[in-house]
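Below are structures written as structure tokens.
In what follows, chain A forms one complex with chain B and a second complex with chain C.
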Partner chain A sequence: MVIDRRKALLFGSATTLRLLLFFAFPSLPDLLTGRVEISTPVTSFKRLQEGLFLYTHNVSPYDGGVFHQAPLLLSLFALIPSSLFSPLTSLLYIALDLLCANALIQIAESGEAGSSRLFTSPRNELKWDGIAIGAAYLFNPFTIATCIGRPISVFTNCAILYAIAKAVSGKPMSSILALGLASYLSLYPILLLPPLILLCYDRQARDKKETPPISTFAIKYTSLFFATKVWFLYISNILTGGSWEFISSTYSVQLLLPDLTPNMGLWWYFFIEMFDSFREFFLGVFWLHLGGYVGGLCIRVRRQPLFIITTLLGIFAIFKPYPSLSDTSLYFAMLPLYRHIFPLMRYTFFAMATILYASLLGPAFYYLWIYAGSGNANFFYAITLVWSLGLSEIVADSLFAVLRDEWEVERPEMKGKDVRQI
Partner chain B sequence: MALISPTVLALRRDPRLLKLPPYLSALLILVGVVWLCLLPLNEYSRHTYISENALLPGQVHTYFGGSEQNVFNAYKYEVKELAGKPQDEISNKLGEIFKSAGLRSARQKYEYQAAGITYTGENVYAILHAPRGDATEAIVLVAAWTNMDGELNQNGVALTMELARYFKRWSLWSKDIIILITADSRAGPQAWVDAYHDEHISPSVAPLPIKSGALQGVVVVDNALDHHFESIHIVYDGINGQLPNLDLFNTAVSIASGQLGMRVALQRMWKHDDSYRERLQTMLRGMVRQGLGHSSGPHSSFIPYHVDAITLQAVGEGGQDDMAMGRCIESIFRSLNNLLEHFHQSFFFYLLMQADRFVSIGTYLPSAMLVAVNFTIMAIALWIRSGRPPAPKLATTMPEKSSKPEVDVIQKDGMTAIVPKETITIHERQMFIPVSLVVSLHFLGVIPLYIFNNSAFETLPYYFLLFTMVNLVLPTALATFIHHQASLTPQQYLLLHSFSLLLLGMFLATLATLNFSLSLFVGLLSAPLSFIGNPFSGSVEPKDVFPSQLRKTTSSIALQLVSPPVVVSAVCYFWGTNVGEMLAEAAFGWKVNGLWMQVIVWCVWWPAWLAGSVLVSPVL
Partner chain C sequence: MKYSFGPLLLSLLSCSLVLADPDYHERLNLQPLTPASLLASFNFWSKASLQSYEEQHFKYIPRSLGQILQHAKTRELHLRFSTGRWDDESWGARPWGGTKEGGTGVELWAWVEADSDAGSFARWVTLNNALSGLFCASLNFIDSTRTTRPRMTFEPASVGTNASTDNLYLLHGTLPREVVCTENLTPFLKLLPCKGKAGIASLLDGHKLFDASWQSMAIDVRSVCPADGSECSIEMEQTVDMVLDVQRSKRPRDNPIPRPVPSEGLRCDDTKPYAGSDFCYPSDISNGQSWTIAEIFGRPIQGSCLAEDSNGNPLDSVYIDVPNEREMYITSGTENKHLSGTCRSFTLPKSEPFEMVLSHLGPQTFNDHTTPPLYASRSFTGHGQERGGVQTLLTNPSLTSSISFVYFETLPWFMKLYLHTLTARLSTSSTPNPCLIKEKFYRPALDRRRGTQLELLISVPANSTVILTYDFDKAILRYTEYPPDANRGFDVAPAVIRLLSNDKKAPVYIRTTSLLLPLPTPDFSMPYNVIILTSTVMALAFGMIFNLLVRRFVGADEVEGWDVAALKAKLRGGVMVLRDKMMKKGGKGRKSINSSCGN
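Right, the complex of A and B next:
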């Protein structure tokens, strides 16, 4: 087998950088693990360690409301000998990052972003190759910080990227299995199922010429997805000694938001302020809002299913219950695939400047609130609003650019002209 | 957005708009400075007031005095006897005195290393358990054996010991009182407060054998005078420019001046006649202290732990005796004893211009923000300019068939115009080289940061001299290197400038919320960076982007005058200190107090300055 030299160089340098950060600055992992921007109640590595301790001492980790992560992770981490726990987990997370990058490179090389079954962009020629996209992911400071902070969401991200990579290489079965794992680990990827089925279908229809009607295809793979989920839950049930209590401390925590530890999202502050009698109503509204994008995007951007997934990942990074930097890094990993629409985006500089400002001011205001005691919760919340504004600017702008790109195929005479809503 | 965007898109092509940013930027800097100068006026500053009603400053009768004077004199005699004795003997004696007053005492040894100098000592402290409390809260009375100037704090220590004895007799305390005698004014308090919160570096700093509850307030007594004093100097600056709650300061002022009729001074302004000039001077001195962020007394170390602390220093020659100082502290402690919860009302961000006048953050923050925003505006302007295509070729007299410019027909508001296509399109930007240059310049700052914080005291001046020399030629060397490796296109040149300013503006805006003064000073010193190159031109032709040789030389010289090493030397010269001492002080702050002013200088200011200098350096 020929090993791609550029790829080896990229992976080698990314690994070296991470190893350097892990082992040359021994206090860095613990510092980042404690940051609210990286660790949320449902992904925190510290809580995983806590749960693991209870698990290995034969106490149910799901008693006591500290541990909210899937049981499969417990048995995975319980395999690591405790004497080498810290270096081996570091290596595990580095490997996960490389796997993510590998999946991204596959996605990039499939060319799905520029030309899907139903639509080929006129700007298709303008693109970065897989290695550049992998490098943009591996050397993104957000990705590096996430890797060092070791949240569980890295596993979810990796599963999502593999689901996409398998879908674009025409393997719907493994793709749905990977998505099943992702939604088993953190629930919200279940919303990616419709666009992923569209993507799988398009890819198969393109390769095979004759395919079953989309409804049969959808039913088949939806049932496969739920079968996968049930299977994972069954395994978890066995692993936790035949008890189902893990369901309430993993999934219902993500659904019902009982833990209001501050994070970068928009939910915690709302639900702190809210009167208890309205809680259920607004939980419904917030989830409906998040789910509402799936249907709308699947209809409007039907011709580019990969873009639906990308945009949804961006929307999750803003609006999901416990968002963290790792969700943003996943969105920023997918975005460079759409290099060809960058010239059509209008506010990139302002959006990036907003995000940079927020990522500096966020920790500063958190410090003023929690450590210096001279600020308060509103300081930090204001910055999370700015952060979300920056991200939604990018999401909206990229959506505009893709729609414009599609529109210019229909109306070539309008290329390069201003449009105005009448 | 969809509705306004066409207007915005049309506006951004307006050549007049593109000419505006440099003027706007200059205006913002000017407004920022003028704003600062307006603050001392009555219309912009406010009278201080007590926010926390529970404090009730000066509402109690003070009983300290009379026969306490004799015991105080005896303690003072003991302290004088102990002067110059070995640490162990001093600690033993202090422990004995605490024991005779009926208090439980303990000791803590510490040792720090900074700039090749070892700082050792031993803190002695005692805890007076509150007769009416549950040991969940404590207030601290501190006296350092030697004060900030290195003099023996004879009256301060004696007064503290005497107050400990006196407080023990009262049954009204609802918070524990900790009496702490530190061996010096900077390392000792830091070691004690670190260990109190279990944050100490073991084994060089020992843990505390006995502890009490959460610290609510700290008062430090500093009286090294051998005669009666004239006024009380209140020192309130914490590490990294963090300040104690204004209520604590106000309580001290209102008790000292209102209840006991003593004069109160701050920021070493011994004479203050309430004129505009003196107010401004007080405020600027406070800002310099805040900007430097180093330890200004034993109280400074407490403030990062969110424990509000002040130092009361006796100054001048006058009619106040030590009993008056004692009554002042008694009254402050009675007020602190009343606190129902941690200081939280009042202000944590303020500038004081007199003992009873201040401005709060809402009023002063805009000045630093305006200075920081000027960089962001220039960054945006340069970004927009970098996206413009090169100007269309001038019409030649020779008609060329082939090079007919492409035109677009634009219809707007019923009017039609034919515009050359080139002025509308935005050129793709090549960002890789500018981004990586800016990022690597910022990482380069780690080198001076490491050297100046980890060198021995004797070598520091030489390293500094060497660094200044290197800094003189570094911009030219880097510019030459870049020129030979990958000659910058006009667009990359503009982008490099843009990203460097964007980053600087961002850092300074963030810093302004943490340490206003430092942000303002760095912002003002880097203000020339906004105007290097050819800021007033809107074109991207090489001759308009790259400055001329003459311009390059003058800008380089101007920038060298405001380079970090030159500014540091100038400040040292102005204050009459030597650079080595200043750097050793900074290294001490870094190692012991957790000072991060150096990070701002070497990883924010210096890289921005270097990027600017590289842009205007003549290439060899």
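Right, the complex of A and C next:
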């Protein structure tokens, strides 16, 4: 096996940087674990430790309000000997980051972003190679902060990236299994199922001569997905000693938002301030809003299923119930695959400035509210609004660029001219 | 510093207790703790046979309470109303071994007869609601989040009952935020046979009781079935303990505001080396002070209440712990000096007021207060409204023997405890010592449904301090879940400590103070603004994406744009048309008016 020297260099330097941060600054991991931008109630590493402690001391961690994570993680972390817990988990999270980068490099090298089965971009030549995209992921400060803060969303991200990587390399079975794992770990990736099936189908249709009709394909892999999920739940049931209470404790927390700890999303303050009688109604509205994008995108951007997934990941980073930096870092990992559409984006400066502004002011305003007491909750809330606005600007702008790119294939004479939507 | 449990328990009752066995008796014990403070302990005890209780023949046990207990199938009840902090550094061990004391606010625990956990909880709610009405306290707010089922901390005081065979369930609830006041005292006094009009209860006045440095009102009901097979009975005990600041209590009622003493009225301590004509180090003004009952309590005792034994002989009702040599005067009744030399007791006259004067003459020695078996103090650590920690210092003052006890805490659900951070260490070392905690019982909180319950079996070696710490996160609540004045914080119930001793002595309890937990607060004036602003951001994002999804692209030069000149012309044309129409209408109107005038 030939080891790519550039890849080895990239992974080596990323590992060194993380090891340096983990072991040269021993208080940094715990500091970042406590940050609301990185740890949410459903992903926090401290809560995982608490759940693990209860699990190993024969108290059901799901019979309490602290731990909301999947049982398989418990049995995974229970394997780590407690004397070496901290260094081994650090190595585990570094390995996860490298796996993510590896999957990203696979996706980039498949060339799916520039040319899918149904569409090839005229700007296809303009792209970054896999190593550059991997580097953009591994050296993204958001990714590094997430790795050091050790939220379990890293596992979800890794599973999602592997699902995509397997899909673009024509292995629908393992792709769906990986997505099953992702949606088992944290509910929302279930919304990625339709675009992922499209992606798998396109990839298979391109590689093979004869393909089944898409409906049979979809039914087959949807049932596989749910079978995977049921299997995971069954395993969890066995692991937790035959009780189903983990389902309400892990998934209904994400659905119903009982824990209103501040985070970067829009849900927490909205549901703090919501009138009691409207709470259920607006929970429904928020989930509908989140799920509503899937159908529209699948129809309109049908020719580029990978881009549907990218856009959905961006939307999740804004509108899911407990978003954190790791979701943003996943979106920012996928976006460079679309290097060729960057010239078509209109508001990059505005959006990047907004993101930068929010990520610098966010911690400051949180400090003013929680510690200094000289600001109130509205300070941090306002920053989460700005952050969401900036991200949604990027999502919408990249969608615009991709659609325009498609349109220019139909009408090559319109290249470089002003457009209008009617 | 050597101690044993025996003298501790009876520290209050150093006057030996001689009890005849009437169905009701009451007694007041006055014990100067320091020159400046006086512990007054009121105790009212009554009894009825179980048979008459079940047939609803109520004599001394009040009907109102008895019927509630019967309705809620409660076998044993303990209700506490407390305010203030017992200062064990200067006052020593607690009266009654801490068994008649509650945590700040209201504390209630009871053994309820039921078939199942759910059934016991339903009866518990019934009991709380009924007691809430009886005592004018917010006991009905003891819901599932404030109710626990302690495993090791409490044991039934009833004799001859067995909790497991009789289907008895122990439930415990606290209301640390409850402010105990006169409206709780009045119903308390109404339960007494003389309703607070006669006997020692006539001294219980809300102004004095709730002005005390520390006070605790207790009601205990238990059943006693002697092992010899004689008749079972129901016993009820009402207790009021208060520590009065003598100087503060003696302040005249017409001049209650403390003012600076004029220089000629100052009493200076001349024994200090720096004492001089132009310096005054105030001497302890209570030292060698005289006081009377009327000065301290605002009124004399109004006669006696059922203070006779079964033969009609008067019983002593008032006890005081002062040396026999100190001079005392009483207006009526009789005085008994006890052999111990530091105790005397008095019978009360039947119907005339009883006044007692403790003169400043005679020896001023105060009994060295007994050292408490354990000092416990609990506080928050950390800063900010995101997370914090709790640190409890548990000091064993004994030089020779170690001590083990049950440490029981109930925490509200919004204080998210991390049990893996719970550590105990000796103050002399910086590393946790896992051997200090012998046993743990932990029931984690469930959001909005259940509070945390933590029971630890800890042992502290002789002459050392154990530091118990754990971390927690502060949850942020829905804005409707905050009480009025949300920025004051939330009260966390005191920890209860039960000392374990090998021999079968009465239990000893210690309670820490309650804690004030500040939580992050949202802006309470914002609901509409937040709904509008969040919805705007969501609508913006959705609008941008939806627009891209449903509309198609055209070149900017292929569609009619906003042509400014054409728009101007169009607008001008419209204005002209409108003006013409107006002119026409106006003309017509004038014409018609003219014509009507013409007629």
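In this text, the second predicted complex is superposed on the first by the 420 of 422 C-alpha atoms of A that agree within 3 Å, B and C clash if a C-alpha of one lies under 4 Å from a C-alpha of the other, contacts with A are read in each partner's own complex, and residues count from 1 in each chain.
By definition in this document, contacts are C-beta pairs under 8 Å (C-beta built on N, C-alpha and C of every residue); 3 or more make two chains touch, one makes a residue touch a chain.
Not measured: the values here are computed from a predicted model.
*Asks:* Which holds for A:364: it touches chain B only (first), chain C only (second), both, or neither?
*Replies:* After superposition on chain A, A:364 lies in contact with chain B alone.
*Asks:* Just to be sure I read the superposition right, which of the two partners does A:417 touch: chain B = first, chain C = second, or both, or neither?
*Replies:* It touches chain B and chain C both.
*Asks:* A:374 in the overlay: touching chain B, chain C, both, or neither? Say first, second, both or neither.
*Replies:* A:374 sits against chain B, while chain C stays out of touch.
*Asks:* Applying the touch criterion given at the start, work out whether A:356 contacts chain B, chain C, both or neither, answering first, second, both or neither.
*Replies:* A:356 sits against chain B, while chain C stays out of touch.
*Asks:* Please name the chain, chain B or chain C, that touches the greater number of residues in chain A.
*Replies:* C
*Asks:* Which holds for A:262: it touches chain B only (first), chain C only (second), both, or neither?
*Replies:* After superposing on A, A:262 lies in contact with chain C but is clear of chain B.
*Asks:* First (chain B), second (chain C), both or neither: which does A:162 touch?
*Replies:* Neither partner.
*Asks:* Once the complexes are superposed, what residues of chain A are shared between the chain B interface and the chain C interface?
*Replies:* Looking at chain A, the two contact sets intersect at 371, 396, 417-421.
*Asks:* Which positions of chain C touch chain A when the two form their complex?
*Replies:* Residues 383-387, 413, 416-420, 442, 444-448, 473, 475-480, 520-523, 526-527, 530-531, 533-534, 537-538, 540-542, 544-557, 559, 561.
*Asks:* Which residues, counting only chain A, touch chain C once they are in their complex?
*Replies:* Within the complex, chain A touches chain C at residues 34, 36, 46, 49-50, 52-54, 59, 61, 63-66, 258-262, 266, 268-276, 289, 292-293, 296-297, 299-300, 315, 318-319, 369-371, 376-378, 381, 385, 388-389, 392-393, 395-396, 399-400, 403-404, 407, 411, 414, 417-422.
*Asks:* Mind listing the chain A positions that touch chain B in their complex?
*Replies:* 343, 346, 349-350, 353, 356-357, 360-361, 364-365, 367-368, 371-374, 396, 416-421
*Asks:* Can you list the residues on chain B that touch chain A in the complex?
*Replies:* Per the touch definition, chain B meets chain A at residues 1-3, 5-6, 9-10, 242, 304, 306, 342, 344, 348-349, 376, 379-380, 383, 408, 421, 424-426, 428, 502-503, 506-507, 509-510, 513-514.
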